Amino acid sequence: MNIGVALKPGITEAWSTVELLARWAANKNIKIWTEVRSKPYLHEQVSFASRAEMALKCDLIIVLGGDGTMLSVAREIERNIPVLGVNFGRLGYLTEFPVEELLPTLERFLIGDYCLDRRMRLQAELVRHNSTAATYCVLNDVVVNKAALARMIELECRIDDKLVNHFRADGLIVSTPTGSTAYSLSAGGPIIHPAINAVVITPICPHTLTNRPIVADSNLTIELLLLSPSDEVTLTLDGQMGIPLQAGDRIRVTKSKNYFNLLRPANKNFFDILREKLNWGR
Amino acid sequence: MNIGVALKPGITEAWSTVELLARWAANKNIKIWTEVRSKPYLHEQVSFASRAEMALKCDLIIVLGGDGTMLSVAREIERNIPVLGVNFGRLGYLTEFPVEELLPTLERFLIGDYCLDRRMRLQAELVRHNSTAATYCVLNDVVVNKAALARMIELECRIDDKLVNHFRADGLIVSTPTGSTAYSLSAGGPIIHPAINAVVITPICPHTLTNRPIVADSNLTIELLLLSPSDEVTLTLDGQMGIPLQAGDRIRVTKSKNYFNLLRPANKNFFDILREKLNWGR
Amino acid sequence: MNIGVALKPGITEAWSTVELLARWAANKNIKIWTEVRSKPYLHEQVSFASRAEMALKCDLIIVLGGDGTMLSVAREIERNIPVLGVNFGRLGYLTEFPVEELLPTLERFLIGDYCLDRRMRLQAELVRHNSTAATYCVLNDVVVNKAALARMIELECRIDDKLVNHFRADGLIVSTPTGSTAYSLSAGGPIIHPAINAVVITPICPHTLTNRPIVADSNLTIELLLLSPSDEVTLTLDGQMGIPLQAGDRIRVTKSKNYFNLLRPANKNFFDILREKLNWGR
Amino acid sequence: MNIGVALKPGITEAWSTVELLARWAANKNIKIWTEVRSKPYLHEQVSFASRAEMALKCDLIIVLGGDGTMLSVAREIERNIPVLGVNFGRLGYLTEFPVEELLPTLERFLIGDYCLDRRMRLQAELVRHNSTAATYCVLNDVVVNKAALARMIELECRIDDKLVNHFRADGLIVSTPTGSTAYSLSAGGPIIHPAINAVVITPICPHTLTNRPIVADSNLTIELLLLSPSDEVTLTLDGQMGIPLQAGDRIRVTKSKNYFNLLRPANKNFFDILREKLNWGR
C-alpha cells in the first residue's frame, strides 16, 4: 500500500507528522511518499515523489495544511483516490481532521471503516478564436475578474446556449457546492449542500443590484463570453492559478467527470463544520 | 374536451376574455367551464364549476389574473393537467401570456404544439403531538413566521435528521425553485433555475448574520421544530393560507409527488422573464 | 445621593447584586432604590420605587439584565441621568459592564471619573385623522410591520416632505445609530457609529430589490404614511411595545430632544464591542 | 462672464451642444471656453483652455457627458464654482440635466434663480515611511483593492486612532454620500443622503461575513494601514486614478475643505433621481 503526503510549505508540525506516519507505517507494509523539498527536515525513512507522481501511484493522499493546500493538491488528482485533510489548529472546510485523529483514522481506513464524501468538480474550457486553448479542473470555483484599476467587466452569460444576462460587474464566480462556502459566500452567494448537483453563478459587485446569485443544475453548460475590450481581465482557478483573458474569449464550464473523494470524519457532517466555521452556535 | 377558466375576482377584462373563449370554443366541441361567481357578468354560453371540480374534469386550466391567482389555483390541482397563465398587462413569473396570445396558443395546444414546464412542488406536513395534523402542497413556499409584535422565533432545522442550526429569526422560508423569485428573493435568497431538484432554506432577518440561505437537494427531508414558547407563530403556505402553530410543532417538508405543469410560451424562457421582471436589461 | 436599580425579572444574580450594592452604599450616604417586586428576595436594607419614580429622583440608574431591560428602562427616562448597564455573562451593546466591575466603576463615578456616551433617541408621533394620537420615544427603532399572514405593507415614505418612495415590504425600520446593530442589521442595514446624527431607514424584505437602506440626517423629519387597507399592521417601538395601525395613519419620526446618557467603560469603545459581538476577531 | 465646457471625448452631440452654447452666448458678453481637442469639430467661435485653466477662470463649468466625465472634472476643481452636468440620453446621478433644459437653466442661472447642492469631498493622504507621499481629493470614493489574482488584502482600519477592525477582503471602499450610489452600493453599502456629513466604509467581499458597512461622521479621521506583503494592491480614486501601494502604506482619509457645488434642477431632488435610476417606481 502507498500513502502520499502533501504538505503546506514551511510548517514544522507537518514534518513531525510525516515522521509519525513513517514510524506508524514501518512495520505495516505501507510505503509513505512525500515531497522532496521536506527531505532536509526528516529523520525517518520515507520515499520521495512529486504530487503528480503520488496522484498516480498512491492509494490514499494525506494533505497536511489548510484548505489552500488541499485545493492545489486536488488540481493534480484525476483518479478517484481518497484524500484526507489534516489541519494544524484551525478547522478547514476541507481539512477537517485534527492531527491527533490522524493515526486512529488511518487504522480505520485500513479495515475499510471510513466514509467518503464525493465532491463535484468543474471543468473550465478556455475557448479562444473558436478553438480550445486550455482546459482546467477545479474543486471550488472558476472566476473571471478584473484588475485593480480596470473598469467594470462586461460578460455575457449563457446557460445551455440561452442568454442569462449581460453582466457588468467586478467579476463573476462559477462555484461548486464545495466552493460555495469560499469566495462565492463572501460575494453574497448562498451555501450549497455538497450532495446536490448544482453550481452557483455569483456576480461580484454587480452594477445592476438585482443581479443576484443564480443556482443551476450542474449538468447544464455555462458559457461566459468576455465582452470588455480590456486586456486586464483574469481567469482564476480555485483562487490559485491565473490566466490573462482577451476580449472575445469564452469560458465554457461543465461538470467534470472526475469527482473528488474526501475522507470525512464519521462524527462530523457538513453542517457541523458550517456551524463551527460560521460561529452559528454563539 | 374541457377547458376550465379560473379568474381573479373583480377584473373586468377577465370576463370579456371568458366570453372570447366561449365564442372561440362554440363550434369546436370544446366545453368552457368557469367559476359561478362570474355568472352575472357573462353573456355567452359557458358551464359553471368550482375550481376543485375543474381540477378533476378539465384537460387544461386557464388562469386569468396574476401570480397570486395562479398559486391559489395550483393548490386545488393534484393531477398533471397543463395550466396556462394569462396576465392583464403586468408580466408574472407564472402568468406569462398576454391576453392577445391566448387564442393562438390554444390553437397550437389543440394540435399538440406546446411546451410544458414541469415545476416541482413541496409537501408540508404539520406534526403535532407526534401525529400528522395536516398536509399541504405548495408551489412557491412554506414559511414559518412571527406575528408583528412577537419576539424572534426559535426554530431547530434538520435535514435528513442532521441538525442544521437553531435559527433565531423573524421566520424561515423553505422555497421551491419557482418560489425562489418570490418571498425568498426579498429575504436575500438566490435565484434557483426551475429545472433543478433543489430547495432553498432562507432565514428572514436572522439574528446571526452568518445564517445565509442554504440550497439543498429536494429529495432530502427538511424538518423544522418550533421551539418558541410563543403562540403567535404562523405557518404560511404560498403566502396565502395561514395556520397558527404551537411550540413543539414540527413541519416536515418533502418534495411532492405531484408536479405542476405550466404551459410556457415557445419564445420565452425563464431567463427572458427574469431579465424583464428584474430590469436586468436597463 | 440616590441610585436606582432596575432589574430583569427572574434573575437570581440580580438580587444578590442589589444586596451587594446595598452593603456598599450603607456607610456612604447613598440611598439604593429598586423595584418592589424583588422585595421578597432581598435581605439587605433598600428602598422601593417604580422605574418611573427612579427616573425622576435618582442621580444614576443601574440596569441589571440585558439590552432588552435597558431599552424598557430607557423609555421611562426623560431627564439626562447617567445609566449604567450590567450584564450577567453575555456582553450586550448597552449592558457592557460585567458584574465584577460594578463597584469599582461606582467608586470612580462618585469622584467624577467616568465617561458618558450621549445616545440620540427618536420621537415617533402617531398622527391619525390629522391629529396626534400618541407620542413615543425610542432608543433603538421605530418599526412598522405586518402580521404573520398579512400581505405586504404599502408605505409612502417622505423626508422633509419630499417623496422618498412607496415601499412594498414586510415592514420598515427607522433606526437610531444605537439601533443599527439590532433589528436593522438583521434586515440588511449598515452599522452606524453612535457619534453621528443619523438615522437609517431599512426596509424589511422589500419587494423591489433595489430598495436599499437609506441613511439620512437625523435633523430631517421622516414621515411614513400607511397605505395598506389592512388593519393587521403594527407600530412597534424598540421591539417591545406595539400599537395597531390603520390605513391612513402617519408616523412622524424626528430626533428627540432627550438624549440617553450611557455610562461607558473607560477601556472599551464602540468598536471593541462590535468586534466581540460580531466575532470579527476570529 | 466665463463659462467652461468640459466634454466626454468622442460624443458628437457634445460638439453641437458647444456650438449651441456659443450661439447663445454670442450677444451676451459671455465667453465660452472648451477643451482644445474638440477644436476640429467646432464651427462656432469659442475659446480654448485646459480643464485646469477653466477651473481657475470660469464662473460656471458645464460638463457634457456622464458621471465619469463629471468625476474627472471634479478632481481639477478646487474652488467653489458651480458645475452643471448634462447627460445625452441616460440620466446620471451627477449629470441630471437633459440637453434641452440646458439653455433655460442657464438663463435662470444668469438671474440668480438656481439651487446648488453642496457635496462633500474626501481628501486621501498617502503616507509612506512616515511622510506624506501624495494627497488626493475625491468626490465619490477612495478604494484600496487587490489585483485579479492577488490573495485577499489585509487592512487595519482605525477611526480617530481607535481600531475598527483588521479586514481581510478583496478591498475596502471609503465613500462620500455622493459615492454611496456608485461602487459602494454594488458592494453592499447603504444609500447616504447627500446632505449628511457622513462617510461609509464598505468592505468588498469580506472574508468575515459580519464585516458590514460602517457609517461614520465625516469629521473623524479614517486610517487604513496595508498589512499585506503583496505589492499588487492599488489605491483607486473615484474609480479613475490608480496608485500602486506597498505593505506598510497608510491612507489617511478626512473630509476635504473644498466642497463640490452641483447645480441641481429645481424640479428634481435626490430621491427623484434615485427612484428613476434604481427603477423604484416599477
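Points worth noting:
Each chain gets a letter, A, B, C and D, in the order it is written, and its residues are counted from 1.
In this text, contacts are C-beta pairs under 8 Å (C-beta built on N, C-alpha and C of every residue); 3 or more make two chains touch, one makes a residue touch a chain.
Values in this document were obtained by computation on a predicted structure and should not be read as measured data.
Ranking all chains by how far their C-alpha centres lie from the centre of chain A, first place goes to C.
Inter-chain spacing, taken between the CA centroids of chain A and chain D, is 40 Å.
Rounded to a whole number, the gap between the C-alpha centres of chain A and chain B is 37 angstrom. Chain B and chain D, compared by their mean Cα positions, are separated by 46 Å.
Counting partner chains per residue, chain C has residues 185, 209-210, 212, 278-279, 282 touching two or more of them.
The touch graph of these protein chains is complete, with an edge between every pair of chains. Of all residues in chain A, only 209-210, 212, 279, 282 touch chain C in the complex they form. The part of chain C that touches chain B in the complex is made up of residues 145-149, 151, 169-171, 183, 185-188, 204-207, 209, 232-234, 236, 239, 242, 278.
On chain D, the positions that touch chain C within their shared complex are 159, 162-166, 180, 185, 189-193, 195-198, 200, 208, 210-217, 220, 269, 271-272, 274-275, 278-280, 282.
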